[in-house]
Each structure stands twice: as C-alpha cells, then as structure tokens.
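Below you'll find the structure, written out as structure tokens, and then a few comments.
Letters A, B, C and D mark the chains as written, and numbering starts fresh at 1 in each.
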Amino acid sequence: MNSREFIDIPVRVKYADTDKFGVVYYGNYAIFFEKARTEYLRQKGFTYKELEEMGYHLPVVEFHIKYFKPARYDDLLIVRTSVDEVKSRAVVFKYEVLKEEEKIAEGKTYHICVNTENKTVALPSFFISFLKNNL
Amino acid sequence: MNSREFIDIPVRVKYADTDKFGVVYYGNYAIFFEKARTEYLRQKGFTYKELEEMGYHLPVVEFHIKYFKPARYDDLLIVRTSVDEVKSRAVVFKYEVLKEEEKIAEGKTYHICVNTENKTVALPSFFISFLKNNL
Amino acid sequence: MNSREFIDIPVRVKYADTDKFGVVYYGNYAIFFEKARTEYLRQKGFTYKELEEMGYHLPVVEFHIKYFKPARYDDLLIVRTSVDEVKSRAVVFKYEVLKEEEKIAEGKTYHICVNTENKTVALPSFFISFLKNNL
Amino acid sequence: MNSREFIDIPVRVKYADTDKFGVVYYGNYAIFFEKARTEYLRQKGFTYKELEEMGYHLPVVEFHIKYFKPARYDDLLIVRTSVDEVKSRAVVFKYEVLKEEEKIAEGKTYHICVNTENKTVALPSFFISFLKNNL
C-alpha cells in the first residue's frame, strides 16, 4: 500500500455468502468490493448516489482477484480499500481482504465513467481532484 | 394441481446456489421461481420482455415457500409451474420443486401489474385471457 | 409488535441487491433477514456459530414475505427483528423492513432444529429459555 | 481461440442477474462461468460431482474478467468455454461471452486441486490426460 491512503471496511460473512465447501463463493467477493468502494467514497465525503444524481456512473470494465486463503462463515473480514490509479477517463480501486490481519485475497476493479446516455465521458474534474487527493 | 395445466422447468443446482450446509440456500429458490415463471410464459408463447415493451411489469407483492427436503449440488430439480389464480389486478403463480419425483418444496408468488409510471393498473385484458386459458 | 422485544438491524442497499427496475430484487430480502436474525442473536449474546459448534443448526422450513413499497439503491433500511414464537421443536422470527420509519415489507421465517447428523431434534433447553426471555 | 476446442454454453439473463442500470451486475459473470465450466466438463463426459466423489476439488485461486459491452434482461448469452492451460498442479479455463455473435466479455479462472483434507495436491493423472485432450 505504501503511502496510499486506505480505508478499512468490515464485512461479516453470512450463510448466503458461503458455498458447500464452507467457504465464501469466489463470485461473492465482487459484492464485498462494491460495498467497500461505496463506503470508501462515503467516508471520504462522497456517495455514488450523488454521482448518479449529477448524471454520472462508474461501470466496472475489468475485475481481477487472487484468493490466497478461504473466508468462512461469521468471519469478520476487513476490506482495505484504496484508489490505485486515476486517469482522465478511468479510475482503479484496489482491495486487500484481511482476516485476523492476514491478507487472504486481493483485487482491483477498473472503472470508466458514463453519462446518462450511457456514453463514455471524462471523469468530472471535481471527482478527479477528489480521487487524486486520496492517492 | 388437479386439472391445472403446468409446465416443468429444469434447474441444475450450482455451487453458487449452495451454502455451507451443502444445501441450496433458502433465498435462492426465489431465483429458481423467477426462472420458472419466465420460462412458463415463454413456452406458452409469451415473454416478460414483451409485457415490458407494452409498458407493463408484474412486481412480486407476496412470496410464500415451504421447504420439505434439501436440494444439493448438481441436483437436477424440476420446478412444476402453474397459474394458480387470476384476478383483474393480480395473478398468482404456483411452484412445486421436485427432486427425483419427490416434492421437496412448494411456493407461490403474488403479482400485481404496474405501468411505466409505476402506477398499479388492471392486468391488460389480453393477458388475463391468456392466463385464464391456462387455469 | 406489541410488547415483544425487537432489535433494529440496519441494511444498506447495494447495486448488487437491485434489479433492472431500480428496486431490491424480491429474493434478496431473504439475505437481509438472515443478516437480521444473526445480528439479533449476536446482540442478545448468542451466535449462530456457537450453536453450530454445539452441534445444532436452525434450517428455514418456511418463509413468508409481503412487499408494500420498493427499496432502492443506497437506502438505509432498518430490519426490525423479533422472536415471534417458540415451541419445543421450532422457532419463528419476525421481520419488519422500515424505510424512513415507514414499513415497506414484513415477513417471517420458520426454523426447526437439526443435529450434526441432520436429524430433527428439540431445540436445546438453554436456547429455548434464551428465546422465551425475548418474547 | 485458434485450434482450441471450445463448447458453447447458453445462459439466459434473469431479473436476478441485473442491477439498477438494467445490465448484468459485474459479479454475476462468476456464476455464469461456474455454470459454463461445469457444463463444459459434463459435455466432455466428466462431472465436478464425480471429481468430488473421488476426493478432489478445484477451488478458484484467481479470476480475471474484462467487460466490453453490457448484457441485458432476457438476452440469450453464449459462454464459449475452453481449457486454456493445464499444469501438474493447476488448470486454467477461458471464457468468451457472446451476444448475437459479438464478444461482450472475456475472462479466465485459475484452479488448483485440493484433496478432502483441503491440502493442495497434483491434479489426478486421468484428469490431466482428459484436459490435455481438450487443449
């Protein structure tokens, strides 16, 4: 993480998250990461909903994740969330999933910005400033 | 079921459907039922998508389900689907989940009809006729 | 609710919870209710995980829900959770979903108790006492 | 894909798969891919369930996906599935998601092999032979 500012978002594992192997199903981390980046922005003073109200949306165009150890029912995971990269037309979020201080997974989501007509546009300048302050 | 016409929709259980007890998570039957009523209508010559294009939508306002036996990974379930009741402003679908011919769950979904402004309206008359033909 | 003791569990609506109509998908309330009854028990001093470690599990055998109004993205819902009924071999949880103090949905889950061999058994007596104290 | 043998697995998009933007939620492709690799193996004469019964399991240790265009409600997607790489201790599956013959997403899942004690082991030799025949 180096000097990057991160925020730790807690996620409690539910039965719904697990599969028959007793571990969190690999696809469900995408939901944990959505929660994490939403709460990251909220804690920084910004909500996805506000962005939407201004006519912007940040769809995921790429998603990578590596799983090192399983997460289990009732685990209280920490999703350590940060802004990894900001470009004029894209933003990358980075996530580390911690279980009792051990990193059990890490991933990134790549987002572009679209307007209400679903056209790709540059990130609004106020949002770029906001994100860059958090790099 | 008596004389009601039903259609059998197959559903294969995925890892994603199961939880740590090795059985299908109780909430996931709602997804199976959505698939079943969609395919029921499609096989009868009608799609939800067409209804939408005509400006109608059938939100679920009530949902009941009883679970008799668990479903497990890779089970090929049959969701026996029928129209249970049709009123001017509501339709009820009924579902029986079969595993090797044994009923392991049964449920109902209650739907109203809303228009594009999200106002509750009467079911369109052609749709009522269609549904009544299937009672 | 009358004199029943309830606990209010907050649930923030994610994109993952919504469907193309912009509202929470009807099946996802089952997940909200799982979270709510888990946190209810935890706040009362009891965890599902402990029950499991003692060799018990409380599968859902019946689930009812009525939807009055939709929940939308980023809504901070309250799931007002209580124990509705306790019998020697069953327990019923009750849930009211509130959005800005208005009830938008309500439901119940019916649970039996099984042991590690998946046999139906009586609820352990300490757990019955615990639940009855919360009626 | 070059000379690789692939199998096309159809996936119909449900309301449950979509989010408030009217498109398939980014995390749900993991479920489509699970279905695709399961049916790929089944059509090749092999089931995950059999592997499990022999004491093996293939957990996902890495997952990558790129999204080019959205998928929408009732779309009949094709998940073009193939074995991308086989090593003594790992297998990689590759997926291309097609919508009316246009590629709208592509991804890979990386799997190791674990035994019933959850220890990492070499892929069983018969399974390696089977997979290599499909490269």
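The rule is short, and it goes like this: a contact is a pair of C-beta atoms (placed from the backbone, for glycine too) under 8 Å apart; a residue touches a chain by one contact, two chains touch by 3 or more.
None of the values given here were measured: they were computed from a predicted structure.
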Quiz item: With respect to inter-chain C-beta contacts, which pair, B-D or B-C, contains the greater number?
Solution: B-C
Quiz item: From chain A, which chain is the farthest off, judged by mean CA positions?
Solution: B
Quiz item: Degrees of rotation, nearest 5, to put the Cα trace of chain A on chain B?
Solution: 180
Quiz prompt | Approximate Å spacing (C-alpha centroids) for the pair chain C, chain D | solution = 34
Self-check item: Inter-chain centre distance, chain B versus chain D - centres from mean C-alpha coordinates, in Å
Solution: 28
Quiz item: Just curious, how far off is chain C from chain B if you go by their C-alpha centres, in Å?
Solution: 24
Quiz item: Could you say which residues in chain A touch two or more other chains, in rising order?
Solution: 15-16, 21, 23, 25, 27, 30-31, 34, 73
Self-check item: chain C contact footprint on chain A (complex, rising order)
Solution: 12, 14-16, 30-31, 34-35, 38, 47-49, 52, 73-74
Self-check item: List of chain C residues in touch with chain B within their complex
Solution: 21, 23, 25-31, 34, 57, 59-68, 70, 109
Practice problem: Using the touch definition up top, name the residues of chain B that touch chain A in the complex. | Solution: 15-16, 18-23, 25, 27, 72-73
